[in-house]
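Down below are the structures I want you to see.
In the two assemblies presented below, chain A is common to both, partnered first by chain B and then by chain C.
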Partner chain A sequence: MRADKGTGLALRYVAAVAVTIVFLFPIYWLASISFKTPDEIFASPPAWWPEQIQFANYAVLFKDGDVVTIWNSLVIASVSTVCAMLLGTMCAYSIARFRTGGNLFSDWIISNRMIPPIVIVFPVFLLYVRLGWVDTYIGLIVLYTAFNLPYVIWMMRGYIQDIPLELEESALVDGCTRWQVFWKVVLPMARGGLFATAVFTFVFAWNEFIFALVLTRSEVTTFPVQVTHYFGGQSNFWAKIAAMSMLGTVPIFIAVALLQRFLVRGISLGAVKG
Partner chain B sequence: MARLSIRGLHKFYGKFEALKGIDLDIAEGEFCVFVGPSGCGKSTLLRTIAGLEDVDDGAIDIDGEVVNTLRPRDRNIAMVFQNYALYPYLTVFENIAFGLRARKTPDTQVRERVGRAAEMLGITALLDRTPRQLSGGQRQRVAIGRAVVRDARLFLFDEPLSNLDAQLRDGMRAEIKRLHQEIGKTTIYVTHDQIEAMTLADRIVLMRDGLIEQQGAPLDLFERPATRFVASFLGSPQMNFMPCRLERRDGAATIVFADGRTLAFGAERSADLSAHEGRDLVIGIRPEHMSRALPDRPPAAGAAPISVLVDLVQPTGTRTYAQFRIGEVEVTVELPAHIVEHPGTTIDLLVDMTRVVLIDPKTDKVLSNGTGETG
Partner chain C sequence: MVSGGGGSAVALAPGRLADRNFKYYMIFPAVLVILLIGLFPVIYTLIISFQNLTMMDEDTSFHGLMHYRALFEDARFWESLLHTFIFVAVALPAELLLGLAMAYLFLERLPGRQIFVALLVLPVVTSPIIAGATWRLLFDNQFGPINQILGWFAGEPVPIIWLVDPNFVYPAILIAEIWQWTPFMFLLLLAALSNVDKSQTEAAELDGASFLRTFRLIVLPAIWPVMAIAVLIRALDLFRLFDVVWALTRGGPGTSTETISIYAYVAGFQQFETSYTAAMAFVVIVILAVSITLVLRRLEIDR
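Now for the complex of A and B:
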């Protein structure tokens, strides 16, 4: 009996370690390439780790000014996340508490999320040419805000519905206006959900590729688009690709590390609420 | 301090009529308790007063001003909710100060008033904690503190004690009553618990199905219920109701049960009951209005003897509840301890006929109330 338990546990650990390796290895490989010399990158059999950590691949990115694309991505993803969270949470509150738009409104909203982005690339491009929004911050920020709104509304509606109504009513009787209730009760109560939703919203904007590719030229190129510039006709600049990708991973890594405890709850809650 | 006056109040939830025409006056400084079974509309009525529900018809008037269309915040009312409604992300201090902050009260005043409220409720030591770190009773105190800290003209409580265990409940009940005596503010208190209602109220408003069944001072309702519903709702254990006929025998109005047993009224009530003779009625007898007959002493005036076979004994300590049957009906009598100890015992009881009520079985209205006072 005891032995069974022991082997069971051991097997579980083995499985967990195996899964972790499968997930982590590509990241390790990326990181190791970013520190390798060209010889090491193309060595056969492969060099499992760089001989010495050297930052030449990164230095090039900084020297050529390619890192500005990380900054572009940061600005666009952050601003659009803040906008989507603000607007979306207000919409969600309205839907959750006042049944704004009737019962099917939120279903309709989330259905917008199911449109394959590629089908609206061309119309959006034409529209943006008219507006003069191609290759501008505002263009991508507005677009990503719009893309993320349905998701934010849907998620936040669930979180807001979980807030006991008494807390809001008590605030109303105590002298709050609706706006005060929103700021002083709803937002703090939904804090966990806000962070979790914001991370996913940010990640979406951070990773978005198709629209960024079509709607930017040189001014506000985002980091995913920049990475593709290193795939050349004759050769691929693996060192640059790896270094740039590593730089692009860092903000996400930081965000997830900081907000991890909200994320786990956010994911499981979202799973239940659907 | 406020007077409250409600006229012809109707409230619909969709097609369902939750309040079917409420008329109510509450005097300045009064402690008024809405009581009634679950779902009868007590909370709805309270929430319309607070402004949390719109009304479909009628007027709510506070101090001569119709407040129907005022937002909750403009009514200057404080309300304590069943689940306390404390904010988990704020300290106890900030929870109590919440209403003051919402009204932009200067900080020095906030500190002073929160301090005073906390002292009054004995929670000064808890001010830096968060609600999560408090027991149920402490949370309840904080919730009450939140209400008293504001200078509201009307206090509303919606079943504030129903989440506490029985022991705490008794303590908090006494404390709420003491608080009202100290502050003297007009208070409306909702409960489904008749003991809370009896002990707290200056006036009980007994509700049923969206209407007020009867209102008045607690002992008035207890001693002179207008309907069978009121008679059965107040008092624990409940009043016993038995179908019977009223006849005149040997010159006295007499209750005759289906199994032939009788209870005769004394001369005084006999005269008053002559109008109902020959009718099928329901007699209501409270468990405490029956006592053991003492063989060596003649029964008091207006007491009627009956001999019963006890089939269930429930001792509670000082009192024992014994049950027996009259016809189909299970009847409970409250006796001092040790008088009956085993089922199967036959005992002779005296029913205090000055206190029994007679009810019309068709309308459930009380035709004749007892003349005696409780005591």
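Now for the complex of A and C:
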């Protein structure tokens, strides 16, 4: 019986390792290409690891100035995250504590998250042409703020509902204004949820492709769009594809590793409170 | 565990007049911004779908249902819908079943489980366009490892041209898609399974119930709320599938893997058929609104 359990665990362990290897292999392959020399990248049969770690592929991106697309992504994702968090948390507080608009309003909010981006970006593009907002920071920041707001509201509503009411009531009795209660009592109490939601909001904006594809030309190109610029009839740019992808992906991996505790709740739109 | 609507009681009783309007001040800026994606696109696409705009021609006269009629007769439109449904119909069950199997694998005690889970989530947070780019490199017929690995099993070189061969382009896209999103299902189902009452499943097993029977009668009802939401989120994502296909094939070869999102992009931004694209976008909105309403009603009844 005991031996059975031991064998069962060993088998499951082997299976777990095998599954993990399968799922991580593509990421490993991308990383390995980013460190390979051209000869190694275009070896047939493929070389499974670089002979030595060298950063020439990354250096080229810095030398040619392609990394400015990482900067563009950083500006757009950061500013839109701050905007969405501020407006969204205000709205979430109103809904969580005063049931503003009732269930219908909440349902309307989240339904905006479900509209396909292509349906949104087409009329928005026509509008932006008139406003002169195509290929500008402001254009993408406003659109990402709008697109992420439903997510922020939905998530923060849940986190605020988890906070006990007593503190807010006693703060009101002590003579705080509503706004002070929100700013000085509620926000500090919700900081865990605020942080987690902000990171996910940032990741959505950082990873987004269609809006950026349509609404950028050359001035504010984001890194996912830049990666697709390297696709060509000839596959000479593999090193650039891999290096740029790594630059855009590794920071996200680190950020997500920091909030394991909030992960399931974050990606399930709050459906699972993990 | 599952957060419904409503929420905590209205305990902060309104006081002065300024206080009474506070809740509306708080939602106003957010609502204003959301209208940019929530209301404006719907109205604006509807209006221009009745006109005859192209990117070169500002013909704003009323053309009625002309574009909708053309859309109805456009084989490429119907095919793109069909392709989209193929992706949904294959990827969704595959991700669900694989995710469920993985969740069971990691459900019981396993040394280093936290680390495994932390690693398995990485595909989910990767940009879909980067995921597509990565698989593009993996599937390369000459310099990619996939043909090489298949060659080891076949015992001879495998020359599959994954992204061009009509027989292999769908499997290639589906593999990339399933790779990226199975961990999503896995994480949610693992969380749901962990919350199932152990004593009930154990009692059922002692009574001699088979695994499938226990699953159907005890586990499934318990994980259903989470599973339904996971499936709904993925179904909506798959319906608007764009990035992975764009990175791998751009809808090709020809138009054979074109999804509805890709066709709308091509029509709007490469063929510059403004009003026609608007009609297409509006049809997509209607399809989505109808199916979401039906699904939600269905879920409501099951509850």
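By definition in this document, the second predicted complex is superposed on the first by the 256 of 274 C-alpha atoms of A that agree within 3 Å, B and C clash if a C-alpha of one lies under 4 Å from a C-alpha of the other, contacts with A are read in each partner's own complex, and residues count from 1 in each chain.
Operating definition for what follows: a contact is a pair of C-beta atoms (placed from the backbone, for glycine too) under 8 Å apart; a residue touches a chain by one contact, two chains touch by 3 or more.
None of the values given here were measured: they were computed from a predicted structure.
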Side-by-side fit of chain B and chain C on chain A, or clash: fit
Touched partner set for A:238, first chain B, second chain C, both or neither: second
Chain B versus chain C as contact partner of A:188, first or second or both or neither: first
Dominant contact partner of chain A by residue count, chain C or chain B: C
Chain B versus chain C as contact partner of A:229, first or second or both or neither: neither
Contacts of A:180 with chain B and chain C, given as first, second, both or neither: first
Contacts of A:169 with chain B and chain C, given as first, second, both or neither: both
Contacts of A:33 with chain B and chain C, given as first, second, both or neither: second
Minimum distance between Cα atoms of chain B and chain C in the superposition (Å): 5
Chain A residues contacted in one complex by chain B, in the other by chain C: 169, 172
List of chain A residues in touch with chain C within their complex: 9, 12-13, 15-16, 19-20, 23-24, 26-27, 29-30, 33, 41-46, 48, 87-88, 90-91, 93-101, 103, 105-109, 111-112, 114-120, 122-127, 142-143, 145-147, 149-150, 153, 157-158, 161, 165, 168-169, 172, 178-179, 182, 203, 206-210, 214, 224, 227-228, 231, 235, 238, 241-242, 245, 248-249, 252-253, 256-257, 260, 263-264, 267-274
Complex interface listing, chain A residues touching chain B: 164, 166-167, 169-177, 180, 184-185, 188-189, 191
Complex interface listing, chain B residues touching chain A: 50-52, 71-73, 75, 77-79, 81-83, 85, 87-89, 98-99, 102-103, 146, 150
In the complex, chain C residues that touch chain A: 1-3, 5-12, 15, 19, 22-24, 26-27, 29-31, 33-34, 36-38, 40-41, 44-45, 48, 102, 105-106, 108-111, 114, 116-131, 133-138, 140, 142-145, 148, 151, 179, 182-184, 187-188, 191-192, 225-226, 229-230, 233, 236, 239-240, 242-243, 246-247, 261, 264-265, 268-269, 274, 277-278, 281, 284-285, 288, 292
